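Per-chain residue numbering starts at 1, and chain names A, B and C are given in the order in which the chains are listed.
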């Protein structure tokens, strides 16, 4: 029953990084269609969202429905900086992350004092308020009409030339780079003493408190780091799709992020990555219309909770770990003999 | 005095659970708090460790006022508790559980984790040894890879104590530690308590098992209806009239004291 | 503007009573199963949509469509409790929330696929002619809704407090273990309580659907509003749900005097405030 444990970073994974990096770098050049590249970019952006959400949900044990709020806040921050001040994504991206993080600090210091259902409902109320503001503060956000024409940035390297990130290939590297940084950060935190504290928060808050683990501090760290990356994802999304609207605060975005975290495995590093890719590609390849996609999301959520609560990645490691232990005992028996 | 409980009052909406309890615990001793059920002992523990705020009164640890602090802040002073109903981290392995106790001594900032400060890595590396040592002390070394929820009840109790020990307590508050343990496990537990005392850990117990209480305590405090009715060595307390009356009823007093 | 006050209060009362109907079911489910049912608003939506279907597509009279759709949703609720919710009792709080979110998605989008996204009006035999009662303008449909809801709430009160069955039900969701000890069949109670809650929500949808439009998307907002009411009134308290529902309805209605765009936000802000400072609800019963 090795569920809820991340794959050991010492063995295997280190050997896989160069291979994985090589594959990722080569991917845009092997003759994919523009559409497939587009899906990869969207997947990468959703990897940022699901990975950061898993820090809050899977390790911290907090079901936050407000993640889309920080996604939207980041998107609007970046878009507004562009529209009003002609600031490129190079300013907008870090600004989006910082503004979302600050919003999370403000909101979190209130909301993270409660747990369980109360926290869930409060987080939902928050994202709904954000949606209402986005729709109604027309002077700022142009309401339902949204903010169009958000251009992708360009990068001029003296001596080499200019990269225009409006090209899908270029933006692909940007998105994947962002995803890599997010996953690396989450993994770093999870495998550190702060990660242990998060698990304490999830598994038994009172016991953790009794040995010096501040539940509030750890919840805040997860919440704010998560919001930071959600904001970054928002900025990337804004400059890639070129358009920002209150739809980003819709529940459909929230549940998409949820299902990506849950199906992959909410307390693993790999799980949200698998979930994000699966739930970006699958609905497209099944050629499903929006409503059917959401029915699928609902079915998967329900089925996952009832049948395999720890996601696909755990299902795999549930066969792997007993096998490894079995091999270990066999090997030690051989050594002893 | 390491722990000073000073006139603690606790009212729950009209009911006075604790009515001005005061006592002191000198460093290095084993003190047991006993009393009939419902006497307010666990409430007292909750107040001392920050899980509840008293209506009035003060708690001082090593001279510092700790009343009203959050539990984790009190724990950082070295005041560690266990719970009446055994608490563990269910989905974590025994090793991972105990490791969390170590956080009482070292918690890196987010920044130092992200930049990979050497002291963080060193802490993580040494944690394995620290955990192994503690597991051996409580006798769970063979179970370090088991999930906490897979352990038996008695083993979970030991695990809970192990987690508390990892926090390097100066004073350990054990809330009914031997409940649910059989005679052999209780005896092993008493040995553990004496061993901890040798390591200069002050221990305060809430207990019902009189064998354990009489066997390990340097001092006993008797609480009844939210008040302290007796205090002293095991011999003195066992002969105290008020204590006998509280536990056994009025009829027994003349017979016992004679 | 102040002379419009009674009108707004009356409108708010109407909406508030529908909130109460949905919230009662939600609070009972919470009391009996300790599950926050994010799909509960979908019962309200189905009540409205099925009533529309029967009245508009099958050309049945409105007064027949309402009980039929309520009955249908009640049965659906019972079946869902037997199949899905029974299993959720063993799961963690996070898991059950995720599961009910999933269920809500299935119901909502299933309805979208079946009924289409267009808001529809339920045809009734009520005259659209406005009636005047003192300072208040209203229609037959609204009066009907208020009357039926009031009658239902009163019947609920009588049922829960003065009948054997109702008392047993109330015992089960207030003190489940104690109820089991006195040999109340808990499993059956759970199914019936859940079904009753679903039916009440459906009634709300069927009644309000004749006044406003029905559309598959309306369940989601209703769920959130019902959560707010449940929290305002205190988890597991039926009187709290009734008072809380009316309170929210009237507050929102009066709020439109200030700003109609942010009307929904009133509830959200309220719930955040209550959640943080009075987590047991505004109307604490001692």
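One rule holds for everything that comes next: a contact is a pair of C-beta atoms (placed from the backbone, for glycine too) under 8 Å apart; a residue touches a chain by one contact, two chains touch by 3 or more.
Computed from a prediction, not measured in an experiment: that's the story for all the values here.
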| item | value |
| --- | --- |
| Chain of greatest Cα-centre distance to chain B | C |
| Chain nearest the overall C-alpha centroid of the shown protein atoms | A |
| Separation of mean Cα positions, chain C and chain A [Å, integer] | 34 |
| Centroid distance [mean C-alpha coordinates] between chain C and chain B, Å | 48 |
| Whole-Å gap separating chain A and chain B, where each centre is the average of the chain's CA atoms | 41 |
| Interface residues, chain A side, partner chain C - complex | 57, 61, 63, 110-111, 113-114, 116-118, 120-122, 124-126, 128-129, 132, 135-136, 251, 255, 258, 262, 291-292, 294-295, 297-302, 304-306, 309 |
| Footprint of chain A on chain B - complex, ascending | 49-51, 70-73, 75-76, 80-83, 87-93, 96, 99-108, 110, 113-114, 116, 120, 123-124, 147, 150, 160, 163-164, 166-167 |
| Contact footprint of chain A on chain C as seen in their complex | 36, 84, 87-88, 91, 93-99, 101-106, 108-110, 112-113, 220, 224, 227-228, 231, 261-262, 264-265, 267-269, 271-272, 275-276, 279 |
| Complex contacts: residues of chain A adjacent to chain B | 1, 3-5, 185, 188-189, 192-194, 196-197, 199-200, 203-204, 206-215, 221, 225 |
